[in-house]
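Please read through the structure below; I'll follow up with questions.
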Amino acid sequence: MSKAKAGIINVTGYAGVELARLLYQHPEVELTSVTGRSAAGQKLGAVFPHLNRLGLTIEAALGEVDIAFSAMPHKESAGVILPLVKKSIRVVDISADFRLNDAGDYPRWYDFDHPAPELLGKVAYGLPELYREKIAKAQLVANPGCYPTGAILALAPAIKAGIIEADVIIDSKSGVSGTGRSLSLTTHYSEVNEDATAYALGGHRHLPEITQELKLLGLKEPSVTFVPHLIPMTRGILTTVYAPLAAGKIAGGEKGKTELRKLYLDFYQNEPFTEVTESPPHTKHTWGNNFCLVYPTIDERTGRLIVISAIDNLVKGAAGQAIQNMNLMLGLPETTGLESPAIYP
Amino acid sequence: MSKAKAGIINVTGYAGVELARLLYQHPEVELTSVTGRSAAGQKLGAVFPHLNRLGLTIEAALGEVDIAFSAMPHKESAGVILPLVKKSIRVVDISADFRLNDAGDYPRWYDFDHPAPELLGKVAYGLPELYREKIAKAQLVANPGCYPTGAILALAPAIKAGIIEADVIIDSKSGVSGTGRSLSLTTHYSEVNEDATAYALGGHRHLPEITQELKLLGLKEPSVTFVPHLIPMTRGILTTVYAPLAAGKIAGGEKGKTELRKLYLDFYQNEPFTEVTESPPHTKHTWGNNFCLVYPTIDERTGRLIVISAIDNLVKGAAGQAIQNMNLMLGLPETTGLESPAIYP
Amino acid sequence: MSKAKAGIINVTGYAGVELARLLYQHPEVELTSVTGRSAAGQKLGAVFPHLNRLGLTIEAALGEVDIAFSAMPHKESAGVILPLVKKSIRVVDISADFRLNDAGDYPRWYDFDHPAPELLGKVAYGLPELYREKIAKAQLVANPGCYPTGAILALAPAIKAGIIEADVIIDSKSGVSGTGRSLSLTTHYSEVNEDATAYALGGHRHLPEITQELKLLGLKEPSVTFVPHLIPMTRGILTTVYAPLAAGKIAGGEKGKTELRKLYLDFYQNEPFTEVTESPPHTKHTWGNNFCLVYPTIDERTGRLIVISAIDNLVKGAAGQAIQNMNLMLGLPETTGLESPAIYP
Amino acid sequence: MSKAKAGIINVTGYAGVELARLLYQHPEVELTSVTGRSAAGQKLGAVFPHLNRLGLTIEAALGEVDIAFSAMPHKESAGVILPLVKKSIRVVDISADFRLNDAGDYPRWYDFDHPAPELLGKVAYGLPELYREKIAKAQLVANPGCYPTGAILALAPAIKAGIIEADVIIDSKSGVSGTGRSLSLTTHYSEVNEDATAYALGGHRHLPEITQELKLLGLKEPSVTFVPHLIPMTRGILTTVYAPLAAGKIAGGEKGKTELRKLYLDFYQNEPFTEVTESPPHTKHTWGNNFCLVYPTIDERTGRLIVISAIDNLVKGAAGQAIQNMNLMLGLPETTGLESPAIYP
């Protein structure tokens, strides 16, 4: 059987090159076309030496493919995707352009009017742990943001079980690659090394995405505070989530912790990539692979749920999850091409 | 006038060498004696080349000094301090041995019975922003822990003003030097680099210290969750604090933020080392100096107070604050020897 | 066809866990047994969470395997290998115990008398670029050291072509994982971060290995200076080699550079893992994979050859090369299980 | 006595802000004026929070000062300095515009014709270890480049003593701040972290500066190869220098090493900032201070001199040395304002 052909629109950002790396290792899909803007005409291996063996040239426009990934910036992504959708090409969108169900959220959070609000209802939100079946059938999948992936997977079992109240605090620590390959003082080595800081305190764009999904999971009138932080490492997001336990839902003390753990283990028991750990997870244990590690516990003194999750922001937080979605869309085993262990140390 | 003589007990840890560095620069105090255990007999400059110019030899026992710093581990520190106290030598204790006012807390949190509970009432907790006058008169000062310093300074103005409720969440991100110079996989470069993790979820030893001080500031029945994280940098603690605003105490929206900011500016207006910043602080801006940078804001969507603080864990979080305390105790200007700007980049 | 069974002796160091990671991805060989000393009895995934999916338990003694890797420290490795050799089990030795052909070198450089000097003539030095056929037939392969791999591959084409004189200087910069997982101040994060230093100036143990191979390549009476440096990163060795060009062997100016480049391209034209780059290589472009990137040039002002090579010390410098050797020994395509691109960024 | 007034032209690069930091601590000189281009009109503390306490505003043009530092890029620096020289203001130039004595070198290495070749003979090269008296009298001092500082100080004693031949290889490893604060992929955190690379193999601009000084020290017809490398740290340059020992000048074996060490100790015995170490130096031991640590040894197997030097590229390699020069020019004790130990860890 011939392999399916895949293409990447805007391969030159970190999500794009990570997609190319993962597709190169994929046994059932072949990466046949990659596009870029400023780099069009150059060999992919000239810009990214580690991808030299793919033998591809960066094109100005996408060739014929069975499935396309858009790694364009938000607002521009919708523009390149809509023509593909019309041609019935299946698409995984790494940008935010189809993640929010409510068209009214786009002008408020992303400064543009959505060009195809009628599609928003039909798009699948590409978090397989929650939407596996819808993804499999979707023509267009909105790949989740990196922060939402870690936050939602940390909270989903607790919300589904109804054990927490709506006052949720999400404190995330991200490596620098999450801010992309563009140049700014924020990513200058000498500025970022030996530095930690919080940002977007006025409201990060991933907040409405998180809130939307927590609501859909059943959290009523969620009151979510989300503070992202930048820390000096290249890859990884560690997310610490805090929420009050609902009264009378779960036992106190060690018994409650055991119940909680069982609840999380049950929820994720068949998941190939989300794993409940026995101790607080390290982002290093996800370095370069598609795992989300989740550790739930209870702060007994205060009756709060604490959940820690760890992902590689470029894999489970972007390109790896996009491949996972592609596998589902193509009817392949979900883990195809994603089995590599994390790189340690 | 001759300089006061200072000594450091157990100079060989990171707090100890940082004390030596800062005392070397101090114009009014001379470091005349340093002790160590395994390293006794060696020249200080042989073990720590950057301190070569001090010309000191590590001794087994402290020489005659006017003021002593103990950088011994907890439990052992009390043992070396008590004889000094009897001899009326003034002491700053970097360890935790005199930080908790309630003798009953020591067996629970530190696994030992306090050898001198009668002293606990007389000791000054060495946070000059709160206890300046008591410190000046004290014979024994308990230098605060690194995490408590950042957390308490982030919360003090809000608690004093009565604008928050008791449900406090403290999420701290610390550089690796905070875990000391001892060897363990937790500080092995290849394990820590490119890694972030949470630890001590069952209750970190700095929690009772934080809670004690928040109570003393006026927070009634505080319900404090404290989660420390280790991130890949050498120095620095970034602390993000969350607490619900008390109803009717502060305005909503931008007006509230302005009120909040004024409240913090007023509280810290005469402080030489604690500064209210106009944007979220960077730990890098405290690298090597004694500043605590504090940024308060309101999450308008949820009505929560968020405060970010940044310190250098070895300076304001340990040795620098100890010098600040010493200055107060000796009647010197509080900033003597501590004026160096942060090292940037 | 059933898969060959492989075992790792002393899996608990960085070379050992990297072997396990790479074998997990290998389509033709199954890792069936791993041993450790202090960790015997524990699940592999308990000690190394990223290897959880292998489902192995660390044993005290090796099970039945077709091929064994020894990741024991030098001197001890020979002791565990000799019984295997007697049982005709094929072995790749990651240690130095069989790398040197002259038994007299072991007491001088490694402080022990070789227990089986008669084997030294029969062992294959596991650098496939030079000894491919011998490796394929060998029962025991001595996997090269990390520094020698980068240094020898940088020099081999020039020596074979007779274009350099014997005065060779090798200046290597290594990431910290090269010093292993043992605890020492040398690998303490706070000591190593933001630090660079040279070490082993009296003579590093990899020097006789390098000299032996340069001689075998045809360099007469080599006069080799080798200085290793430790720099603050986890993986990677960058090696810069300097040697005077022999008179009259290669043209001057740009023409000489072109000739030199062609010479290197020809030498490595069929190599799957050694690649001649068009600009000075980055260790990052080998991160996690088995490549050795080589860049030769001429310093026209002085008539010196300069060659830069980059490898991942744990892959081409240890575990990856061991798999490459195993592939050759088992008659498998040499690249099997080693095709993953480097992880970037 | 009133303090001398100092000004910094182009304070917004890393050398400029480091000058400001050091001048802030200087007891005899006051920083009264700083200029910038894009940032003119902004408060210095708004752009660089750690310099907030200086209370300065970035100006478009320099105010009246007794001594000026130019941290302008090369070519532009001469343009701003010449008018100051005419007004008899003393100047330390951090740029390369007056470092090379031969006007013909500027077009070749820096792409511009020197606007004031007549000054080149009168300028002092600002390496106090070699030109202390000339600097004290000079109106214009050319502050050495960062690489030349480490390389020249490593070689000066050996050349003066005539113990080496002219074949010199200089292999330097620099932290990222050496490439400045401008934005480029070369300084992007995700590209630089976990990476090492060599650059400028065709000839770095610091090469003619190094060669000029080695010649002036007495090295005849020097044949110098200089290869700079970029490694993942913010500050620090480690330089490893190799040169053949001249026949019959120094004993072999341990005796030679002792002679060599004595020779270096004697040469630098009165130097306040250049120190001969007993073991290979760490850049960390110079972090934030003005030291140059030098370790000479002999590779006995090959009869080569090896010298390792370590500096902080922004202090002894730029701003600190500029202050040292200023002290000499103003007749102050050379170490004034520069006594702080390195920051460790």
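Here the chain labels run A, B, C and D in written order, and each chain numbers its own residues starting at 1.
The working rule: a contact is a pair of C-beta atoms (placed from the backbone, for glycine too) under 8 Å apart; a residue touches a chain by one contact, two chains touch by 3 or more.
The model shown is predicted, which means the values in this text are computed figures rather than measured ones.
Enquirer: Between A-B and A-C, which chain pair is linked by more C-beta pairs in contact?
Expert: Answer by contact count: A-B.
Enquirer: Centre-to-centre on C-alpha atoms, which chain is most distant from subunit C?
Expert: Looking at centroid distances, B is the chain farthest away.
Enquirer: Take the average of all CA coordinates in subunit A, do the same for subunit D, and state the distance between these two points in whole angstrom.
Expert: 46
Enquirer: Counting only Cα atoms for the centres, state how far subunit A is from subunit C in Å.
Expert: Taking the average C-alpha coordinate of subunit A and of subunit C, the gap between them is 36 Å.
Enquirer: Spell out, as numbers or ranges, the residues of subunit C touching 2 or more other chains.
Expert: 14, 177, 181, 190, 193-194, 232-235, 281-282, 287, 345
Enquirer: Which part of subunit D faces subunit C closely enough to touch in the complex?
Expert: 167, 169, 171, 173, 175, 190-191, 193-199, 201, 203, 223-225, 227, 229, 231-236, 238, 240, 242, 244, 280-284, 287, 297, 299, 301-302, 304, 306, 308, 310, 345
Enquirer: Could you pull out which subunit C residues touch subunit B in their complex?
Expert: Those residues of subunit C that touch subunit B are 14, 176-177, 181, 183-185, 187-190, 192-194, 232-234.
Enquirer: Which of the residues in subunit B come into contact with subunit D in the complex?
Expert: Against subunit D, the touching part of subunit B is residues 14, 17, 21, 24-25, 48-53, 177, 181, 194, 234-235, 275, 277, 281-282, 285, 287-289, 293, 339-345.
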